[in-house]
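I've put the structures underneath this note.
Two complexes are shown next, each including chain A; its partner changes from chain B in the first to chain C in the second.
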Partner chain A sequence: MSKKVIATTSLAGCFGCHMSFLDIDERILDLVELVEFNKSPIDDIKVFTKPVDIGIIEGGCCNSENIEILKSFRENCKVLVSLGECAIMGGLPALRNGIPIEECLAEAYLDGPTVGENKEGILPNDPELPMLLDKVYPCHEIVKIDYFLPGCAPDADLIWNALVALVTGNEMDLPYEVIKFD
Partner chain B sequence: MNDTIKFKIDSQEIVAKKGQTIVEAAKDNGVYIPTLCNFEGVKPKGCCRMCTIKVNNRFMTACTTPAAAGMEVENDSAELNDIRKSIIELLFVTGNHFCPSCEKSGNCELQAFGYRYQMMVPRFPYNFPQKGIDASSPKIIKDQNRCIMCKRCIKTIKDEEGRNYFAFQNRGSELAVVLDKKLGKEMTDELAKLAMENCPVGSIIYKEIGFEKPIGTRKYDKQPIGSEIEV
Partner chain C sequence: MKEKIMQIVTKYDADRTRLMDILLDIHDMQGYVDDENIEVLAEALGMSEAEVNETISFYHFFTKTPRGKFTVYLNNSITAVLRGRDAVKSAFEVACGTKFGAVSEDGLFGLFDTSCIGMNDQGPAAIINDRIFTNLTVYRVKELIKGLKEGKKLNELVYESNGDGNNADKDMQSMVQNNIRKGMFLLNKDYNKYEILKEDLSKHSPEEIIQIIEDSNLRGRGGAGFPTGLKWRFGRRVDGEHRIIICNADEGEPGTFKDRVMLTEYPDLVFEGMVVAAYATGADIGLLYLRYEYKYMLKFLNRVLDEMREHNLLGNKILGIKDFDFDIRIQLGAGAYVCGEESALIESLEGKRGEPRDKPPFPVERGYLGYPTIVNNVETLASAVKIVKYGAEWYKGFGTKDSLGTKLLSVSGDCRFPGIYEVEWGTSIREVIEMCGADDVQAIQVGGPSGVLIGVKDVDNLGATDLMKWYKPSGMMVAQKIYDRKLSYSDLPTGGSIIIFNNSRDLLREVVMNFMDFFIEESCGSCSTCRNLPFVMKQKLEKILDGHGVRQDIDDLLNWGKIIKVSRCGLGQTAANPILSSILNFRGLYEKDVKAMTDFDNIFDIEKSVDAANKYLGRKTEFHHN
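Right, the complex of A and B next:
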């Protein structure tokens, strides 16, 4: 049987979900027997080089680059998994969702107590910078997401059980202790 | 005079005292019917609908319906559990329930229901409403982002003269449970702690002490809500 191909990315997230992924500890040796990694920060492959079976998304969408990457994952992956609170509901970055974007930028770059010298009142405007979105969006409000694994960060056992289920095609083992929202 | 009655929940025979509600009778017989707005010692009002059951094939709230002889109650069915799950999902998207930053996490009944019904993601779109936080009381924080309007604080937190510390304000989408400014400033330590305890979510937070119990030792870390009743 050929190995399943996995891709992962961190959008508006803190990489905590990827850290939790590595918390599967020595089971990672079993994992490399089952799967191979394509585009992912884990192996530092930057672009998709082949069709992917399982795409794992950490973080929600806070800017135009997040949207672009998420859409490329949807195009290249058969199955997409939202991993963690940020991908599922925006998470910590979404705490800005009730505040107008002008106020957020003003607080960060003009008026905030930690702002240093910015006499010209410049907001980041380099054309290479991705545009901020009006709010932070859960991934499933941008593209179709097939599975959701909650947690901040999700329990390593939850990630492991889900991956094994997806790779082997068996039903997922979901004991009470592995579903947590914090 | 015989003061017991018999009825059935999911084909199991339940023996109830006359005057008991279905929730109370079920609890005495080791059957769990989930409740959220209901609170022991307070007159039930059936507003959250979590205890929705079917009595003789009609939807009823188990916390307000008195047990009656011979009734056939449906409780733990796929249909009813999905309705309950959808109520929890609606509550999650209506407010701003970001569990990782909430001090009530692990002891929160709303979250515990999310776990019990395996809510991986709400089926409804998130609202992200902009709601305020009242930290004017020296003892508690009232966070409107997390309030689910269950009225448990209104009904249970009173001073010696029976005056309410909490009350409803406004109507419709503006409805909020607010803390009385004057009474809030004079709140005792005991009452503030009780208010946090009686709040099913993290809308009332006791100041100064936070995240007291480590992850893994909190109320719903290991055991699902309702497991203390189920046999």
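Right, the complex of A and C next:
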């Protein structure tokens, strides 16, 4: 049987979910036996080079680049998994959702106490930069998401059990400990 | 100002459990309670300012900012909408020169929405400075506001048309109509007030009274149907320095107005019921929790209580019976549906936010101020009086095997004769429809928004897969089948709200949306399920109605609807019912609007969503696809 292909990305997240993923410790050796990585920060492949079985998304969408990457994941992956609070709910970045974007930008670049030297009031408007969205969106409001793994960050065992279930096609092992958050 | 507030505080012995009354009095005096007042209150009552704020912010009719010399609360229940509320609302806005949710610049008029005010049979109705104005039309609104601007008094504008019966009483003088369409023994003019207390009560021991009520199988009429005799027996058994009888007159379920009519025409009967309950259980304190919307009855009801005191039917040694001391106080609410839930009602009586308590302990064990407390509905207490008078056997002659006696139905919506019908339990939906003169019926909401939009089976007992079994492509087919279902605890239990919709009504856009707005507004916010799910479920419904729905959305609604059952109280547990029961019985209406061919649709528009930031930053919206 050929190995399942996996891709991962971190959108508007903190990479904490990826770090938690690495907490599977020595099981990473088993993982390499089970799967092959494609586009992912783990192997630093930047673009999709083949069809992918499982795409894992950390973080929600706060700018146009996030949207583009998320859509490319949907196009290239058979199954998409939202990993962690930010991908599922918008998480910490979504705290700005109750505040108009204009106020957020003003606070960040013009009025905030840490703005300091920006006396000319320069705003980040270079065409190279991704465009900011009006609010932070959870991934399932942009594309269809097949599975959700909650947590901030999700427990390494939760990620591992989910991956094993997806790869082997068996039912997922979901003991209370892996979905208990505090 | 501080002095006046201190006077009010002193009137209530600086008792923090009377905070509701204190706040109500301050509102009567100046129309609002501001931060300065709160500081004074907190100090005088030995509370923190946050605690005072907590109570104020909970209730719809409490405010920290002035709401105008004349404050209009326009009822937004579904029947008002069906009877032209939108035009009436616009007429108010034009005439008063302000939008809803705000106060006019001259401070004369404040316009606000409010949930059902118990006038579904004569809506659209509004409360203006505690007075009820019914059957509002555009013309009537213009006339009213013109009159007020010319300096006429509110009562001058009411007197032109007093309602029937006691509505015209000098202490009520309201234009509300009773609309009693059918009476049996509760609504019956042959009733001789106080007869039962003076002649029958002392013939029985308290134990015997409880036995009679138990034998009659009387069940709570508020909707839940708990056996009344059993509740009384529990209450009597629990030790306590005091025992409390509470009459729940906080009927907030949209479409219910039976308590209004009972308290208008037969207040003595209700109070007698409280005295009987007190005698049977050994209670010494009686409280009637009257919803704020019915404040116009307060003076009248207090007069009835005074009269009973004169006849020694309240007070010490009632009827000369040794140790039988019992009196009744009327407590006004301040606008909160959830206070109809008995433990929330008790919290409110203690001057707190009306958030339901965890149970157990139940109120009969530890209720008001920690004392054993029996909470009964208005109609239950009135029924108890008749049962003691005529006996359990007589009572068993009415109704069906599991549902004895009569039920007061509050009928409204698309029918020729909305109003109150006292019917035997076991009456079928077909009979109700024929009674009230409804034609071309599409659907009937039984039990208010928390009840069911009726169909083949109650949704509560079913999982999502079971629901599929009951799927019928056409709402009408289902609706026809239900005509023979019977109002009873085993088939269609109800607190009495019956709202009828004809075929011209859009069940989802008009009815279900209105009900979801109600639950979103009235959630106390304590449980996250009831605080959030009605909101996201309504969004999901909007998505479907906007043509962006997929099949998964219907399944999501059903699954999320199951989660809400973990909420603490009945309000939360039933807050998804408008959506669940309409999917159950009118699934065709949902499927009509969902896309069958795609499994995902969103309403996300990237150009729109980057627009605000780009404008602010002064950059063009450009996409460079690789």
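Before moving on, here are some points about what is shown:
Note that the second predicted complex is superposed on the first by the 179 of 182 C-alpha atoms of A that agree within 3 Å, B and C clash if a C-alpha of one lies under 4 Å from a C-alpha of the other, contacts with A are read in each partner's own complex, and residues count from 1 in each chain.
By our rule, a residue touches a chain if its C-beta (ideal position, glycine included) is under 8 Å from a C-beta of that chain, and two chains touch if they have at least 3 such contacts.
All of these numbers come straight from a predicted model, not from anything done at the bench.
After superposition onto chain A, partners chain B and chain C are found to clash with each other.
Contact with chain B, but none with chain C, is seen for A:149 once the two complexes are overlaid on the shared chain.
Once the two complexes are overlaid on the shared chain, A:141 sits against chain B and chain C alike. Looking at the superposed arrangement, the partner reaching more residues of chain A, out of chain B and chain C, is B.
Using the contact criterion defined above for the overlaid structures, shared-chain residue A:55 touches neither chain B nor chain C, since it reaches no partner. Of the two partner chains placed around the shared chain by superposition, chain B is the only one that A:88 touches, whereas chain C remains out of contact. Of the two partner chains, chain B is the only one that A:174 touches; chain C does not reach it.
In the superposition on chain A, contact of A:13 is made with neither chain B nor chain C. Once the two complexes are laid over each other on the shared chain, residue contacts for A:132 go to chain C alone; chain B is not touched. Contact with chain B, but none with chain C, is seen for A:99 once the two complexes are overlaid on the shared chain. Chain B is struck by only one stretch of chain C after the chain A overlay, and of the options 111-119, 561-569 or 615-623 that stretch is 561-569. The intersection of chain A residues touching chain B with those touching chain C, taken from the two complexes, comprises 135, 141. Interface residues of chain A, counted against chain B in their complex, comprise 82, 85, 88-92, 94-95, 97-99, 135, 138, 140-141, 145, 147-150, 152, 174, 176-177, 179-182. Of all the residues in chain B, the ones that touch chain A in their complex are 96, 98-102, 105-106, 111, 114-115, 118-122, 125-126, 128-131, 215, 221-224.
Within the complex, the chain C residues that touch chain A are 599-600, 602, 604, 606, 608-614, 616-623, 625.
Within the complex formed with chain C, the residues of chain A that make contact are 64, 67-68, 100-102, 105, 123-125, 127, 131-135, 137, 141-144.
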